[in-house]
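Structure in structure tokens, see below.
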Amino acid sequence: MTTAPVTFTVKSYKSDLKPIWCPGCGDYGVLSALYKAMANCQLDPDKTVVVSGIGCSSRLPGFVSSYGFHGVHGRALPIATGIKASRPDLKVIVVGGDGDGYSIGGGHLPHAARRNLDMTYLIMNNNTYGLTKGQVSPTSMLPLISKNPKIDPKRWRTTPYGMVEDHLDPLALAIAADMSFVARGFSYRPNQLTEILTQALQHKGFALIDTFSPCPTMNQDQTDEFYKEKTFDVPEDHDPTNKGAAFSLATHPTGYPIGVIYKHLGKPSMQDEGWVLHERLAAEPPATVEGLFKKYL
Amino acid sequence: MTTAPVTFTVKSYKSDLKPIWCPGCGDYGVLSALYKAMANCQLDPDKTVVVSGIGCSSRLPGFVSSYGFHGVHGRALPIATGIKASRPDLKVIVVGGDGDGYSIGGGHLPHAARRNLDMTYLIMNNNTYGLTKGQVSPTSMLPLISKNPKIDPKRWRTTPYGMVEDHLDPLALAIAADMSFVARGFSYRPNQLTEILTQALQHKGFALIDTFSPCPTMNQDQTDEFYKEKTFDVPEDHDPTNKGAAFSLATHPTGYPIGVIYKHLGKPSMQDEGWVLHERLAAEPPATVEGLFKKYL
Amino acid sequence: MAVRTTELTTDVTIRLVGESGEGTISLGELAARMLTMLGLEICTFQTFPAEIKGGTVMFQVRARAGAVYSEGDAANILVALTEDGYHLMGGNLAEDGIVLYDSDVFTPTPAPGRWDLGMPITSMAKAEKDALKAEMEGEQVARLPAPKNIVGLGALLTLIDAPLTPAEQYITDLFGRKGEGIVRMNIRALHSGANRVKQEIGTHRTPHIKPQERTTPVITVSGNQMVAMGALAGGLGFFGGYPITPATEIMEFLAKELPRFGGDLIQAEDEIAALAMLCGASYAGKKVMTSTSGPGLSLMVELINFAGQAEIPLVICDVQRGGASTGMPTKTSQGDLNLAVYGVHNESPHIVFAASSVEDCFWAAIDALNLAETYQCPVILLSDQALATRKNTLPTPDFSAVKTVERIKPAAEDLGPNFRRYLDTATGISAMAIPGTTGGAYTATGIEHDEIGNPGYTPQLAKKMKNKRFRKLETLQKDQAADFAHVYPHKGEGLADVGIIAFGSTEGVLREAAERAEAEGISTAHLHLRLLSPLPLAQIEAFVASCKTILVPELNYTGQLAGLLRANVDIKLHAYHKDEGVPFVARELFDQIRALASQN
Amino acid sequence: MAVRTTELTTDVTIRLVGESGEGTISLGELAARMLTMLGLEICTFQTFPAEIKGGTVMFQVRARAGAVYSEGDAANILVALTEDGYHLMGGNLAEDGIVLYDSDVFTPTPAPGRWDLGMPITSMAKAEKDALKAEMEGEQVARLPAPKNIVGLGALLTLIDAPLTPAEQYITDLFGRKGEGIVRMNIRALHSGANRVKQEIGTHRTPHIKPQERTTPVITVSGNQMVAMGALAGGLGFFGGYPITPATEIMEFLAKELPRFGGDLIQAEDEIAALAMLCGASYAGKKVMTSTSGPGLSLMVELINFAGQAEIPLVICDVQRGGASTGMPTKTSQGDLNLAVYGVHNESPHIVFAASSVEDCFWAAIDALNLAETYQCPVILLSDQALATRKNTLPTPDFSAVKTVERIKPAAEDLGPNFRRYLDTATGISAMAIPGTTGGAYTATGIEHDEIGNPGYTPQLAKKMKNKRFRKLETLQKDQAADFAHVYPHKGEGLADVGIIAFGSTEGVLREAAERAEAEGISTAHLHLRLLSPLPLAQIEAFVASCKTILVPELNYTGQLAGLLRANVDIKLHAYHKDEGVPFVARELFDQIRALASQN
């Protein structure tokens, strides 16, 4: 953690807009952990941009007093990429839901991993579509242990006869895409979440934090009790830099690990390369359009 | 392999349209392996649909005398999903390029895995955008061993100062998405490719075959020699049903395995569930719209 | 007790405002149900907050003894459960309107002419709940919400002098399986609301509609439900969709019902995938549909164009919502017309159709599926938030009138190795082989192609095949356009003083405005377009020729229908358009008609 | 040897056809280069097959002593290297045209008036290569392609009676670093082609343009190159894109050059991501651009609308191509106008602009970036395949005329916790804080919002904020529209016989047709629109009033500009449109003008 003098407190990050989430929504816990992690890192709100897509969780930027960008459904990552790639001096935090990030926006994830820009992507995973009132999401889960949908399939509003699609595993996908920091949080463990977010904000490269954030209004299956029961702490001896071990942990057959799962330290970042390039080119005589035209004489 | 009487031969699958690929293009080898695998499986051309996106490789459906669907860039998978989900009696083969399948269309992959419909997805991976004349693709590779782009970065037409993004690893992503059959082929090993494709066509569930298919016109780095040198056969003792082992093999640090990497046998398919549902509902009295309206009286 | 004056009326509008999730909508729905049981025809309207929880909701129900065209305008009775709601949606009351407010929550500033009837609804409901708690202990009772909506219902019914018996019966049915205690509490709540009104009523004038005798039973349905049921009646075989307000209900309805009809439904990973699935399933021989709203329609543009070029039948029901981009997802608008008509790069043929009423949603869905099959191209069916959530009492549709079109299959002699899927015919329409058909194999493609489907780029081929595809729209204009341009002629001789051309959900409110104009001596004709692209040009021209002046009212910012008409027809017109998230009311349209007529 | 007749001309059109990848294009480019070195002005046109390899390519170069408006029409000389090419693109020759064909490959059927000059180009080239092989052994020589293009060049230059010395010099420079032997082989090939023509020429009439003296140096550039250079001159800071024919070249050019100017470029995973990146980078304070073609523009629709609603400046250069969907990717069209203008759900303001010539591509890119900054909204800049690949000789632009607009930053006193990013001003334009600005923090959003940016959905707010956003377009119409509607007035008094309204790449060929009409006594005015949305209404109305009749020619199927004009202006017009993948030729436009004039 940073040891710089404390200029910003949690209060520095609270905006005037009051969150409009339902009572009991997990996103409240995530928001307050985020405030704390930002304070821990002493992020300057005027140099921070919080980017989101569309969904209950994606309303978050409005509740932070930094710069914010509330985009369209599923495009938070490429928007953030444009910000960070062109303004490396800014701190960029991306937030959103599981539908936003893993369904409509899922195609952008591996490419964010490839670019490995310094960004923190915090997914509030409630295993459903909250804002549109309870449809199945790619992470909507069957009761753990049996993944066979024949056994007590969950009946979502678009799957009244039970789910017929397997759920996807964001952590395994993130590791396979070689994201350089992969973690899972849980909004009902605020201190741990704060700690994970603090680490992620300090990580150099792209960090994904899939966070269980219960939706009591639309998802009565994956309640806070469910998560409390099914999650476990990442074991002390887990080596997050071991990709194989990380993959096994992420695909644990009987529970969901909470903590930092995978780290690829020193993974090259598009940004490093970009800057090296800018430095290299800065040494050349300044380019002008007049000069360019000479080639076409 | 099937032991049914031979009705269809390789000739049964050749259409009148002559392939328009460059001399030496790897896609010729893929096409002829596909013809052979189709004959091995005695697929009825009138009950088979070959679906593609846009790219050099995506011109393939026109060269097969079955039903074909040449869609738009990146959408071959959901198109095929519509065909197979609504007409399970048809054999559906999906083909295309690395740009088509892993870049613009990459978001559809995990969801195809979740649905696990009986389909074969054959990607002709030439590590570049062939049709648009040689831009970087998500699988464009740096010289193996060092993934650090600082070392001899490949200069594509859109990366004249060298690549600044890591390449992605389709096999690892496929395993993480839990596709039920994951393999890699190489167009310069036609017999092996035919064998892999035959297995894939016979697999129950969704099968991905990433196939190295050199593009001598646009990619002079990943030539047939390059692949010949860097690829190795999947070891005899590899157990494709072991997910961890499959993941390690897929992420092998010094070479590219060719063969069947991962199998999730018995993974439930949306289709099974769908049919169970149809059977179940078929037992109920036939539904009519008149009947439906009674609810709203 | 003083004697009340019930004003016998044929038309009453009740508006309810409150906090989302606090029973306002359920009170509205109950009231609507009761009015229907009294033999009245109803039309409802609701707006939701786009907030997840909280925010003001509004539910309006209008009841008439006879056909009801719109959700009404100035409310006769406003039920205000929150102060915010009262301020936000409490305007526009009838001159002698009644405000029934929850006096536990706030007190409105009195206004002349209006009767403000305060009632401590919250405490009255709580009292009933406490009474039940006293009777029967337990978790179940403690967690029950206090029956505010039932107290309100009792009060409302009494205000309009309606009997309570049907409500008692309904409550018994509704809560029956929750136990006798709960039924008892609710019936007591009903009477407590009713009695309170009886006490307060004094000499106040209140509206009263005479219950009607129904000869045929009616259904009470919304636009979204009717689209879904029309799709089933039209032979839907596959639905792929992605949730989006206010269209999700269509998908949710069909998720349940379509499998019972042998069809399949997939919730796709996004709208692009949804439309791609439709392309695949349609190619494979199914009738296909998706439902979406503006942002989703935007994402579908590339594949709409593909389907036009590759000649693949499909239907997209676009339930328009308010605002550009994410805008105002729970509000209404007719703003997607331009995108529906012009939203393809270069040009491939497709059809734009609009449903004009809740009843028409059923027929429009059938027509859309039939048009897609007949002309082998995408059909965009426009609905909107107001229409989608509007509930009307209606007679059950006449099923004998349902006609479905089946896919044109190739003749046996045309099949074979050189089957010409894209044969250049006189109508532009060519037979489409379904996979599985021996000798019908062809490759569907979005590349320019010859009759067989093989790629080709000569100017000659480009011209020939584009003519072929667009000729289908000419065939449509010739063969069917007249059926899709509904004219309400003016009464009397000669030219109409004012001719109205419009589309979509404004039909009812325009009928109302037009009838009022007729009643005031302004002869008013009305052309309501169901087919918007290609336009029924001959019908429009004939209509224009029959009117002195033309008014084009629509719910969007720039006047999209007006522009479309001007681009295609030699026409002078007066455009009236606005886009503020709410429907037109009859009065403002009547004002427009009157103003125009006075300029003649 | 008989005596040749060289016909002194000021205008020659040479067309080359052959198999893709066999040197046809390089021969054309060499010929164009030589003509430029002779002081002539040139304009080129090429069409590619959409096949990967193989298929017919065509390269046409027109040279004039003086400004050249279009790539020409009937060719004076056709160089045919393949029979397929000859049949596909060999039509439309000048009456006394010359066909120079490779007699190793085929022999055309003679046609009256035409001189068919057969030359065994393949064997002549092979002979030169063999000669070199005999001189110097080795792999390197064996793998060399035979210099067919240089043999052809020698022949061509001799046909038009041009000196060989510049070509010799050029060959020496070009092949110098490949070694002396290769230079020798090519120079011999040049002379072998030249000598063969000299032998055959007899008394045939051949065209000859007198070399011109150049006072200022010219550049030879294509439309795509000029867009890219204009973007750099306009201050581009970030480019995100995805490859697509025929726009890729802009991205490839900028991938190389933009970093030298301190900017960044990312090849995105698709067009949606590309535009999303632009939104982010623009919000972060950069001037941003992407380039695409129809299918990519289609995918961008949702985010164009978002940027209009959230008021984010950005530029999309849409290089239009032939056909709907994948269509005819290597052919030209002006078919995306409708999508550019109308392609958003509901309505948010954006600007559509079109470049009219290779030279204008430079200025249009600058204008587009400036308009985006000034009005804080998306600008779609239309180009097309013909314009993008067209090469013109041009003077170097006058850099002192380049003006760039910078982002409007908030005044210090407006910053603070309640900074009103979306302040409702008289012009509609409000200051935009860039992240990093203390007290400027706000949330950009596509939801309807108040001046601060907080969500809100009341009808009042919706109206106010929509008015604010659209008011910017009114400001543009008032302040700048006149600059973007270029009028070429007719010569003489009174009304023009024919007025032409058009946009985009047809400007040159229309100038040519109009001048021809003027020459034949038909007075012709021409309004060329660079700004297409919002339309410069006042300017169009004034122009229409100055003409007897209006012709609207465009390269699309339904007449999109004609529709746009009719939707917005009270106008009677004659639409002339077709969409077959190829540009207009001057003759057909002249015919249209003449036909219209004769109806006056």
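Think of it as A, B, C and D in the order they're written, each chain with its own count starting at 1.
Operating definition for what follows: contacts are C-beta pairs under 8 Å (C-beta built on N, C-alpha and C of every residue); 3 or more make two chains touch, one makes a residue touch a chain.
Quick caveat: nothing in here was measured; it's all calculated off a predicted structure.
Asker: On a CA-centroid basis, which chain has its centre farthest from chain B's?
Answerer: Greatest centre separation from chain B goes to chain C.
Asker: Between chain pairs B-C and A-C, which one is joined by a greater number of C-beta pairs in contact?
Answerer: Top pair by contacting C-beta pairs is B-C.
Asker: Between chain C and chain D, what distance separates the C-alpha centroids? Give it in angstrom.
Answerer: Their C-alpha centroids are separated by 46 Å.
Asker: Could you give the separation in Å between the centres of chain B and chain D, each centre being the mean of its C-alpha atoms?
Answerer: Chain centres of chain B and chain D, defined by C-alpha means, are spaced 38 Å apart.
Asker: Would you pick out the residues of chain D that each touch at least 2 other chains?
Answerer: Only 259, 269-270, 295, 302, 306, 325-326, 445-447, 455 qualify.
Asker: Would you please write down the residue numbers of chain B that are in contact with two or more other chains?
Answerer: 72, 103-104, 106-108, 111, 115, 138, 161, 270, 274, 277
Asker: Within their complex, state which residues of chain C touch chain A.
Answerer: Chain C residues touching chain A: 51-55, 241-245, 248, 251-252, 255-256, 259, 265, 267, 269-271, 295, 325-326.
Asker: Looking at the complex, which residues from chain A come into contact with chain C?
Answerer: 20-23, 25, 54, 56, 72-74, 103-104, 106, 129-133, 135-136, 138, 157-161, 217
Asker: Along chain D, where are the residues that touch chain C in the complex?
Answerer: Interface residues on the chain D side: 49-50, 88, 293-295, 297-299, 301-302, 305-306, 308-310, 320-328, 330-331, 333, 335-336, 338-339, 341-348, 445-448, 455, 457-460, 462-463, 466, 470, 556-558, 563-564, 566-568, 578-582.
Asker: Touching residues of chain D toward chain A in the complex: what are they?
Answerer: 217-221, 225, 229, 232-233, 237-238, 240, 257, 259-262, 264, 266, 268-270, 272-274, 276-286, 288, 302-303, 306, 396-397, 399, 417, 435-447, 454-455
Asker: Help me check something: in the complex, which residues belonging to chain B touch chain C?
Answerer: Counting only chain B, the residues touching chain C are 16-17, 45-49, 51, 61-62, 65-72, 75, 77-87, 89-90, 107-108, 111, 115, 270, 274, 277-278, 281, 284, 287, 289-290, 292-293, 296-297.
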